[in-house]
Structures are given as structure tokens and as C-alpha cells.
Amino acid sequence: MAEPLLALDGVTSGYGQIQVLWGMDLVVHPGEIVALVGSNGAGKSTLLRTISGQLAPRAGTIRFNGASIGGARPDVVLKAGLAHVPEGRRLFRGLTVRDNLMLGAYLRTDREAIARDLDWVFELFPILRDRQRQDATTLSGGEQQMCAVGRGIMSRPRLLMIDELSLGLSPRMVEHLGEALLALNRAGQTILLVEQDVMTAFELSHRAYIVENGRVARFGASAELARDPTVSEAYLSI
Amino acid sequence: MAIYLQIISNGLMLGALYACLAVGFSLVWGVLNVINMLHGSFIILGGYLTFFAWHLYGIHPVVMLPIVAALMFALGFALQKLVINRVVSAPVLTTLTLTFGLDMILYNAMTYWFTATPRRITLDLGAVDLGSVVLPVDRLIGTALALVLTLLLYGVMRGSSIGRAIVAVRMDRSAAELMGIRTDRIYAITFGIGALMAGVAGVVFATVFPITTNVTGIWLGKAFVVCVVGGLGSVPGALVGGLVLGLVESFAGHWFGPQQAITAGFVLMLVLLVTRPTGLIGVRGYE
Amino acid sequence: MRSGFPLYAAMIAGLLVLATTPLYADNYVVRTAAIVAMYGALATSWNFIGGFTGYPSFSTAAFFGLGAYVGAICQRHGIPMGLAWAIATVVVAAFAALLGGIILRLRGHYFAIGSIAVVELCRLVISSWSSLTGGGDGLNLPLMPWPPEQLMRFFLFVMLAILLASLIATIFVDRSRLGFGLRCIHQNEDAAAMVGINTTAYKIAAYTLSAMFCATAGAAYASWTGYIDPTDSFQIVMTVKVVVMALLGGAGTILGPALGAAAFVLLEELFWANFLDWNRAILGVVIVLLIFFLPGGLLSLGVLRRLRAAKVGGGK
Amino acid sequence: MIEPILRLDGVSKQFGGLSALTDVSFSLNEGEVVGLIGPNGAGKTTLVNVVTGNLRRSSGRILFRSEDVGLQKPYQAARRGLARTFQIVQPFPAMTVLENVTAGALFGGGAGSLGDARDMAMESLAFVGLDALADRPAANLALAARKRLELAKSLAMNPRVLMLDEVNAGLNSSEIDGALDLIRRIADRGVTVLIIEHLMKVVLSLSKRLLVLHHGQLIADGPSAEIVADERVIEAYLGAKFAARLKELNHG
Amino acid sequence: QETIKIGAPLALTGGLADEGHKQDVVWKMWVEKVNAAGGIPVGDKKLKVELIEYDYQSEGQRASQLAEKLINDDKVQFLFSPFGSGHTKIVAGVGERYQVPTIACVASSESVYDQTLKYLFGTLSPNGGMTTAMVAFFKEKFPQTKTIAVLGRDDVFPKSMAEGIAKAAEAGGLNVVYKELYPVGTMDHAAALSSIKAAKPDWIYVTGYTQDLILARKQMQDLGVTAPIVTMVTGPSYKEFTEGLGPLANGISSSSWWHHLTSYEGQGVWPTTAAFYEDFKARTKGDPDYVHGSCAAAGEVIVDALARAGSLDKAKVRDAIAATDIQTFYGPIKFGPNGMNLSRELPIIQVQDGTIKVLAPAAIKNADMIAMP
């Protein structure tokens, strides 16, 4: 099988005294959508922060696209083609929706390509086109999530990591975002998705990892996990 | 009526100087969220550099402009990176007190080396007499320079990706990191620009006002007022704020006498603080 | 949980040390003690708005100066000294309440700037209102016909009384729902309103408290020096000094500000006696070091922790 | 009929040009548990903000126990018994969990003294099952606990009406089940609950009655069962796929 | 071996640094001379003089603190008060409290002395002496003078001068077309000057300390504000003024308390004005101005008083000083009931091509008044 795009091997990480990750192993192959699910505090966001360089791994290796990026600065990681859409959107107050999107392309210089990608984001999320001059932080939660994802796309990443896609979104919005992600993926975008709503996660992803207390508890093809009774018992009780 | 033309032109010329004086302060405040009590001393330091270059080596102030700019940028950059950066995200109480402490050091050093004796650059450029209005040439030049420099900064902030990054960092540091922006560098650059603008303001002032450590507080106070009047962290804000303050002081001075001139400025500031905390221009993204 | 004992003990001890200086030290030391007490009172007052409520107020010099002027004007109109001080206190408290209603709407940096502007504005108004204040001439107060030692002792005790009053007020507030409410505001003003705290009223109360004792101190100071003028009565430097003192001791604690004031004044004396040319710079260095290495103030030092008593209000 | 405890009457809210709420009218009856759903940006949070005085309504009347409270300040709302939780939880970070709740009891709950307030606080901490963490600083609670803290704080203010803005967002299934049970018990105390939620599972299992906001307008108000079948609601909010999923659940 | 200690809080840095250094120079000069002569005779022995100076950095509160320090720690028997009426008021208050005789050499505003301070004595004569005489003199020289504009610094001395001149001018039949005070720290006089320009006065009278005046003069030039007579008090009394302004200083008139062209004789280490002038010239290469003269005279007052008191007893010395009636190189010194040196004819001066000329009194005049160039 082809060389994985992202490969974590025994990564541990945390904040100050608090250790959160206890040796995570994880791979993402080009063209995949991989989902990370797990309860609150499991360490999903911490994992993403560690990959994107906001936290330095305390042990283990992170290889991206053949090169080791463990402990590299966020800008380096991003340049390498790894974008991180943070939990809770984190849009820039005081900047219009458009400017927020443009900041996604901060490290890029190819003007016309940027313009094309902006258009493409507006097609994915038409509401943003109408609101492009509004202060991004006065958008509703859902609108903000779209803007955040769009901002991630604007950096033209090899791998797009999204934390808590559906947090605070209406079912319809989740569905809409889901379709958007699938469309992205069909266009060749590899995606690592952190998701609370396990059902959505399994529907969207090819493979999934279940994280518990900073370790991988289970992983495998999403369809199979979804069918697995023990899993649905723990996570799918609607 | 002639008198009013004069009053207005006085106000505008003064205002341009104020704008130039405040814009760096406003930027640092807006972006680093730090009230830089050093600003007044930075201005005077720029003035001293200009004066001694002129006094000892006969270097013309205009020639000193880029040199002072470079030196002050370096100073500001270093100061932020080595000292201020360590508390940059602390509450206003901490940062303000820190810069105040730093100012005490710089102030003391300047008073010790240069003494409090006011220094003056006398170019004696005369004045253009338009009959009803007289415009001192040195002020005209100062005004022009002030405007050019301020607009230059605006161009940088608005056009360059550095400018955009500065705003992003101003709003959300860690999210900015995820955009590939190096926040520590941006902070240092911003503070550098702030010091740079203070320095060049000093150069301009050296030809118009006396240079002495006694007035650091006065200029700092003006910077406060201009910022609040115009709106924080914004170049256009500083420009508007400066001009408004200049005019207000000029008219108040004419109508109610010089004693009320300065008071009027502060009253205006307090009123705006309460009624329109974002200033006349308001807080916006760039700038 | 927390016992007030070490707190009170330390407080009494400190006051006694200051109060007994006349017994063994010369007048200049007594004067220094009085200055310590005065700044102690100023810093302790600042603590209400700056420490408990977390509003970066730089108005101290305004209240001090106004107190001085109101007191002076009263005395010049033949009102006896004590009464003049009382009037000064009340008038300035009222002024602070009104002013607070306006500028306490501001937050963070805007409030800081606003509160500094107040100092400048007061100075300008006082100096241009010559008919009442003598403008730049300043005002002379009736000199007190006492021998210097007695005079000095008198003002030492006056300043100590003001300090004590401000400390008692602090302890009282700290234990009351007011203190608790203020600390909530400090933490998160919106959430505070959400749980039913009348934030506006509470902030005004804190601001007024922070003004009162400054006013009394100012009025007393005026009677003491016998001459005041605008430039020396409204000094930005003084305003910031007081804040630094509070931080130095530990903002938001009961004894911290007073302790910080003592430490600061003594340091200043020291540098001043020994390095005239550089004393200002040295103080600057002290401030910088303080910010970096002692952000919690002296009371965050292990030894003194136990005096820290006032942790988040009323939590008992 | 009995007087509704909270009644909105033609309430609108504009932000500059944008109209976040348009002529919204409905009323809540004492003890009712009502769900408020609607797409993102429909104006749900804005609605809550307007009722609690965090935002000033542009027009219309807001009646609490038939008293017009349209101009009240947040703290007044709190003292009247109009409590709410925040979509983004807002604790007093440096205070302990207990102190956080004590604040609610003391200022909102009208406790006579600090002592009483602490007792009331302990009680509602026990109620939400946080009593174990009472002395932890609120800052380092995990999300689920923080949301419970938010609830405990509101409870300590012994509210008449409690508005919950997405208290369950970000919780996993087991945690949600806990929350559901908790909210039910709150309702059993006779507290009127307006629950804003995107997780239909939660909304449906709690509330017999649903309000649907869309583009700031109230497009539906009625029994849950009917609402989820309502074409416009499906169109505007649920989406065909989810509606289908719901159906088979109800049958299966 | 006991010494006579004189304490001097001085502004060696800050806004009044220049002025502070003037005082510093002369006093040091005087102390050396006295001690070289074996000291000051008190009773039957001669005591050396020790001068203790502290820098109060031009900050009033520090001035009073240092005064206390001088009295308590250094146990000085006399105080020399610092420059200017404002700070003199502050220091005098302390001296009074400790009953330490305080000599003010650079405070000339009655308001300083009107507060019944028993221990304060001033070697300058009241400001009044500089206003009425000047109005009369200018009207005589420039009969067409009808209007005057006054701009003064809002500070003890400059303010009292501004008000004094306005009164005197009205009394003298002039019309005051503009009278305003500018606050301490004003950097821009454009507004005021523009208003003055519009009023077209025959006489412009500006008061302030040297640096204010240089600034004002320069901005007058910039804005083309002028009049036949331009007076600045006390600018031209100082060489800093003329040096700072160069040609711009020409034509500016002023008044002063003393000028080295005077030829007084009397007791003390300097028998004649000339003697003082020589010494000073030799030491500083510059001309002395009234501040120098007045400060040196302050020393003489102490010498004389001690001789008569015959002891260092505070009260005795104080009474001796009060009874002073001597002739010195600086002129006669005799204190009025309020402790100020009695009025006398004060020099009216004008800058003419770069140097100070004396226009009056006739006795020492060395040039005729010219109109502003």
C-alpha cells in the first residue's frame, strides 16, 4: 500500500504537568477521510494541536508526506501542506468574512489561484458570499463553522484537519457540511475529521479511530465499526 | 475672517504633527494591546538623535529621517522581543506598569546624558505670507512629512501581507499561528514600527519644538487623546484624531484663551471615550 | 479554612512600628514613616477598584489632589481643619461616584486611559479656575503654630489613622457580599450580571471607596505642607507609583498594597540617598524586575503567603 | 386560562441592516418544557439575549408574569428568576466550583447571608452531581463538567424560567443521557424550561412542544410530533435525510 | 571644629536646571572666597562655611522633602531657597516650621512673602518695581504707544508680572487689548499669538521662564507677529535667552533686578560690583546676571547677620537678619516688614545687536531704546 500521507507513531503530548496523549499511533492515506471520535477530554483536539505544531510532542514521531514534522513550528507544518481548522472556529474578530478567508491563504502567493479557491469556497457555502462583508464573529455558530472550514481550504492543504465539525450545528447544516466535505474529498482532498456525532462521523469517513483517554481504543473501516454492536452500544445510542 | 483662516491653518498644521506623533502609539496599543508609556520618550530620543547629528556634524534633519527610522525600529524590535514580549498577553495593569518602568529608565538616562536643557534646531526657513494667512515653512515641511509618513504606514498596513498578519495576530494569536503567521515576530515588528513612527515624529518635531525630556509626558498625553478621539489601532483614526485635536486646541485657544486649549482636548477625549469608545473612525480590521 | 489571625497580627505590628518612630528616631525618619502611612492608605484605597474589581484605575492622583484643594479652600474660608478634611472626603467621594457612573462603563485599556485623563483634566481645571484655586499661584494654608517635632508627630498619627481606616474598610468589604460581588466582576463581568449582580452599582461603590481615603490623605497633606499648587498636587507619576506599590505588595490582598507602599517608599529613600543621578532609573529597574519575577507581589512569597488571607471573597 | 409566565409579543431585533428577529410572538406556561429549534443563525441565541436583557429588543413587548420587562438589565432578569446558560459557558475561572455556584445563590437566589448561599450552592451542586468537585478551580473542568456547573449556577438562583442554550453541544451520548435526566429533574421542580438544541434526540425526548425559528421568524409552534413532520420545518431545518432517519426510529 | 552649614535644595536637573546651575556656581564661588578668608567671624571665633546641596529635580514635593532632610539629617542652620517664587514658597514653608532662616534670592512675588513667614528673607525687590516704572519709561520714549497685549505663564512669578503690567498699563492710560495666561508646559503658542496679531497692539508683553520665551519669540517670528515694543520678562536678563535666539533676540526689552554695569560699593567678600564681575568672568567666562548677583548677595546677608548676632542661636540670627541694613556690590539690602528687599530703581534693558544694553536708570544707561527691527 502507498506511503501514508500522515503517520503518527507513539506520540505523547500534553499541557504542563497534565499529560493528555499516551502514545498515539495513526495513519492517514492520500485521498482518505479519516474520523477521530471519542468522548470529551479524550485528547482529540490535543492530538490535532500536536500535529499542527501548537504543541510539541514529548515522544514519538510525526511524519508527514515523507518528512518528520514533529515539533516543527505551525507555519512550517502549514507550509508542508497541513491545515488545522480549530475547535470553536476561532475566526478573527474585526475582519470581514472575506478577509478571514484570505488569511487562510497567508503563506500563498499565487494570486489568481487564490481567487479561484475563494470562488470555490463561496460555491460550497453560498451564505458566505452574501455575508462576505460582515464581521465574521457576528455570524451565527453555523455560519462561523463554514467560514472556518473555508479558511482551512484556502491554504490548499494536502491534509485538512477539522476539529468538531458538527459542534452546535443543525442537522441540516451538518448534512450540508458533510456533503461539502465529500465534494472536497472527491476533488482529491485528504481529510482528518474530529467529530462528536459518531453517526455523522462514520457516515462521512472511510476509516475511523476511536480515542479514549489519550489512546487509540479501536480503529478500522467506518462501515464495520458502525455495524459493530459493542461500538454502537457505547457511542450510537440515539 | 482672516483670523479664522489663520486659526484653521494653525490647527491643521498642528493636527498633522499630532497624527504623526500618535499613529505609532495607536498601532502598538491596537495590535499588542499594550499602552506604551515609552512613546513620549521615543519621540524625544528621535529628536535628540536628530539634534546632535545636526549640532555636532551638521547633518540635515531630512537626512537623519531614514537613519533615525532604522535605529528606532531596531530599538523597538529588540525591546519587544527581549522584554515586553514576556508579558505581552498580560492584563493592561501589568503591561502599562512595565512600559512605565522602562520609560523611567530611558527618561533618566536621557536626562543624565543630555541634561534637561531644551535643544533646538534652528533652520530659520522663514514663512510664506499669503496676506491673510502666514504659514511657517518649517511647520509646513513638518506637516507634509507627517502626512506622508502616516499615509506611508497606512499603505503598508493595508496593502502588505505583513499588515494583514498584524491585524490577525491582533485579534486571535493562536488562530493566527494556524494561518502560518509567526506571532512573536509580528509583535516585534509592530512594536518596531511603533518606535519607528515615534522616532520620525521626533525628527519632525525637532525642527519645530524644543527637544527635552520634560515634554515626554506632554507628547504622550497627546497620543492618548488622539488615539481615543480617532479610534484605536487605526492609521486613519490617528489622522482624523490628530487633525480634530489640532483644530479643537487652535479654536479653543483663540476663543477661550490658551489655558482652555489643552483642557478642551481632554474634555473632548473623555466625552468620546464614554459616548463613542471606538472613536470617530471606530475599530476596524486593518489600519 | 482561613484564619484571620496572622493577618491581624501582622497589621497591628506594622502599624505599631510606624507609630513608635517618634520615640527613637529623628524627625526625618518620622516624616518617612508618615509618608509610608500616607502611600499605604492610597495603595489600600486603590485596591478596592484595582485589586478587588480588576479595573486598572489611575485616578488616585486626581482624588488626592482634589482632596488637597477642597480641604485647603475650606480651611482658607475659616473652616476648622478637621471639619475641612471631612468635607474634602465627602465632596471627593461624591465626585468619584458621579464620575464612576460615567467612566466605569469603559473597560480595560479604555478605562485605564480614561482614569489617567481624569487626573490631567482635574489639574487643568484647578489651575485655570484661578478665582477659587489661585491657579498657578497655588494656595497657602494657615501654618500650624506648633514646634516641628509635635507637628510631625501629629501628622504621622493622622496618616496612620487614615491608613487604619482604609484597612478596616478593606477587611470589611472583603468579608461582605460587596467584596464577593466585586471579585465576580473581576473574573467575568457578563457572568456576574448573569447571576444577578448589579455590576454598575458595585463598581461605583468600589470606585468611591477608592477615592475617599485618597481625599482625606490629600487634605491632610495640604494642611501639613501648608502650600499646594496644581502641578505638584496632580502628578501622573504619583498615580502610577501607587499602582506599582499595590502590585509590589500583591493586588487584591488585604495587606499587600500597604506592605508594597512601605517597601517602595523605603527603596525610593534608599536609592535617593545613594544614587541621586540614577534613582529614577533604578526604580524603573525595580518595577521591571517586579513584573517579571514577582507578578503576584510580595505576598506571593512563601514566607508571607499566610498573610494572603483574602483569597476569593467570602469563600468561607 | 392560566396566565403564561413568559410572553413575547411582536418582538423584533435588528443588527444594523440585518433583522435577527422579526415579530416573534409566543408564550410559555408555568412548568412547561419547550424546545426551540432552528437553523444556525435563525436567531435562537439572540432571542435569549433579548429576553434576559443582554441585548435590547428593537420593538415588541416582553412580559414576565404580565409585567413588561423589555428594558430590564441582565441582573434584574436574574433576580426576577429568568436564568439562562450560555452557548459558550462562562464560569468565574479563578473561583472554585462552589464559589461559582455560591455567587448564583447569593445574588440571584436572594440568599440572606454568605452562609445560606453556600448551603444553597452545595444543594444544587449535589443536584447536578458536581459536589465532589466543589473545591476545584472552575478553570480546569472538562467541558461536560463546565456545562453542569453552568446548570448548577442557574439552579442556585432558583429560577422560574430557565433557558438552556445548547447545554448538550459537545457532549457524548452517555454524558447526554446524564444531562437529559438532569434537565427532567429540573423540570419536575416546576421550573419552566426553554431548551435550545440541535440534537433532535435531546429536544424530542424532553419537550412535548416545539418552537421553530427560521430567518428570525417563528415558522412553527406546536406539539413535537406534528412539528417534525411539518414540511416547512423539514425543508428549513431537519433536512430530508434526517427526517427519514427520525421516521424509521419512531417506527422501529 | 564646628562649621556653619547652609542647605540648598537645587534644581540641577529638570525644567529649571539652567537656573539651578546659576545658583550653584555663585554659591560655590562665594563659599570658597569666604573660607579662603578663614571663614565667617561669629563672636570671637571664625567658622568655616559648608554648603550642602541636593537636586530636587524641579519637582516641588521633592524640594520640601529635601528641605526637611537638610534640616533634620544635615542639621543646617540656614537654607538658600531654590529658583523661582513657586518653589521658594514650598521651601520657605519648611524653613518656617523649623525656624531655620531662609534666604530667597530668586523670588520676587509679594505673594510669597505675604504669608507672614518670620524666617523668610528675599534679596530681590518686589515685582511692582518693574512694572509702573517701565510703563512710564516706554510712554516717554514711544509716545504713540496706546495699546498693549499681555501673554503670561500661569505660574507664580510670571503670572504676577503679567497682572502687574496690565494694571500699571491701565493706570498709565494704555489700553489692554489682550491678556491671557498659558498653562505650564504649553508647546504651541500659535493660537494666542494669532489672536494677538489680530489685535495689532503697540506693545507686546510676554512673561515666562527662559525656555517659554524662546519658544514664544520663535513662533512670533514664524507667524509674523510683532510690534514696536516687545518685552519679555525675564528673558533678556539671561544669556541663555540671547544665545538661544541669536538675531531674533534683537530689540526685545525687559527689566531686571540688577546689572553688572551698576557700580555699587560696600562690605563683603566683593567690595565693588566690578570686583564681583571680574571674579565671575574669570571663573565662568560669561557675564553674570541678576540671579548670580542676588544669590551672592544672599551670602553677604548671612555673613553680616552672624557678625552682629555673635552666635548661631536661631532666634538671635533671625532678628539680626531682619535688622539688616547694608551696602553691597549688589546694591543696598534692607528688608521690609514682609522680609523683602526694599524697592529701588531697577534696570530696564534691551537686546541690541546681540548684547544687553541698559536703557535706564539714567545713572547706568549705556544705550538708547530702539524700536523692534
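Going in written order, the chains are labelled A, B, C, D and E, and every chain counts its residues from 1.
Just so it is clear, contacts are C-beta pairs under 8 Å (C-beta built on N, C-alpha and C of every residue); 3 or more make two chains touch, one makes a residue touch a chain.
Protein names from UniProt, one per chain: A, D = ABC transporter ATP-binding protein; B, C = Branched-chain amino acid ABC transporter permease.
What you are looking at is a predicted structure, and each value in this text was computed from that prediction instead of being measured.
Moving only between chains that touch, what is the shortest number of steps from subunit A to subunit C?
2
Going by the contact rule set out at the top, which chains touch both subunit B and subunit D?
A, C
What is the chain whose Cα centre is as far as it gets from that of subunit B?
D
Compare the CA centroid of subunit C with every other chain's and tell me the farthest one.
Taking each chain's C-alpha mean as its centre, the farthest from subunit C is A.
Could you quickly compare B-C and A-D and let me know which has more C-beta contacts?
The comparison resolves to B-C.
With chain centres taken as the means of their Cα atoms, state the distance from subunit A to subunit B in Å.
Computed value for the inter-centroid distance: 43 Å.
Can you work out the whole-Å distance between the CA centroids of subunit B and subunit E?
Chain centroid spacing, subunit B to subunit E, equals 38 Å.
When the C-alpha atoms of subunit C and subunit E are each averaged to a single point, how far apart are the two points in Å?
Spacing between the chain centres: roughly 38 Å.
Which subunit B residues reach two or more other chains?
111-112, 259, 262
Multi-chain contacts only, two chains or more: what residues does subunit D have there?
none
Which subunit C residues reach two or more other chains?
124, 127-128
Which chain pairs here would you call touching?
Final set of chain pairs in contact is A-B, A-D, B-C, B-E, C-D, C-E.
Please output the residues of subunit E touching subunit C within their complex, sorted ascending.
54-55, 59-61, 64-65, 68-69, 71-73, 86, 89-90, 93, 96-98, 111, 115, 153-156, 159-160, 181, 183-184
Per the contact definition, I'd like the list of subunit A residues that touch subunit D in the complex.
38-41, 88, 127, 134, 138-143, 145, 164, 167-173, 175-176, 196, 198, 234-238
What does subunit C use to touch subunit D in their complex?
177, 180-181, 183-184, 187-188, 190-199, 312, 314-316
Enumerate the contact residues on subunit D facing subunit C in the complex.
Of all residues in subunit D, those touching subunit C are 52, 54, 73-75, 78-79, 84, 86, 90-96, 98-99, 102-104, 106-109, 114, 153, 157.
Touching subunit E in the complex: which residues of subunit B?
Subunit B reaches subunit E through residues 2-3, 6-7, 10, 14, 111-112, 115-118, 120, 122, 127, 129, 134, 136, 138-139, 209-210, 212, 214-215, 218, 249-254, 257-259, 261-262.
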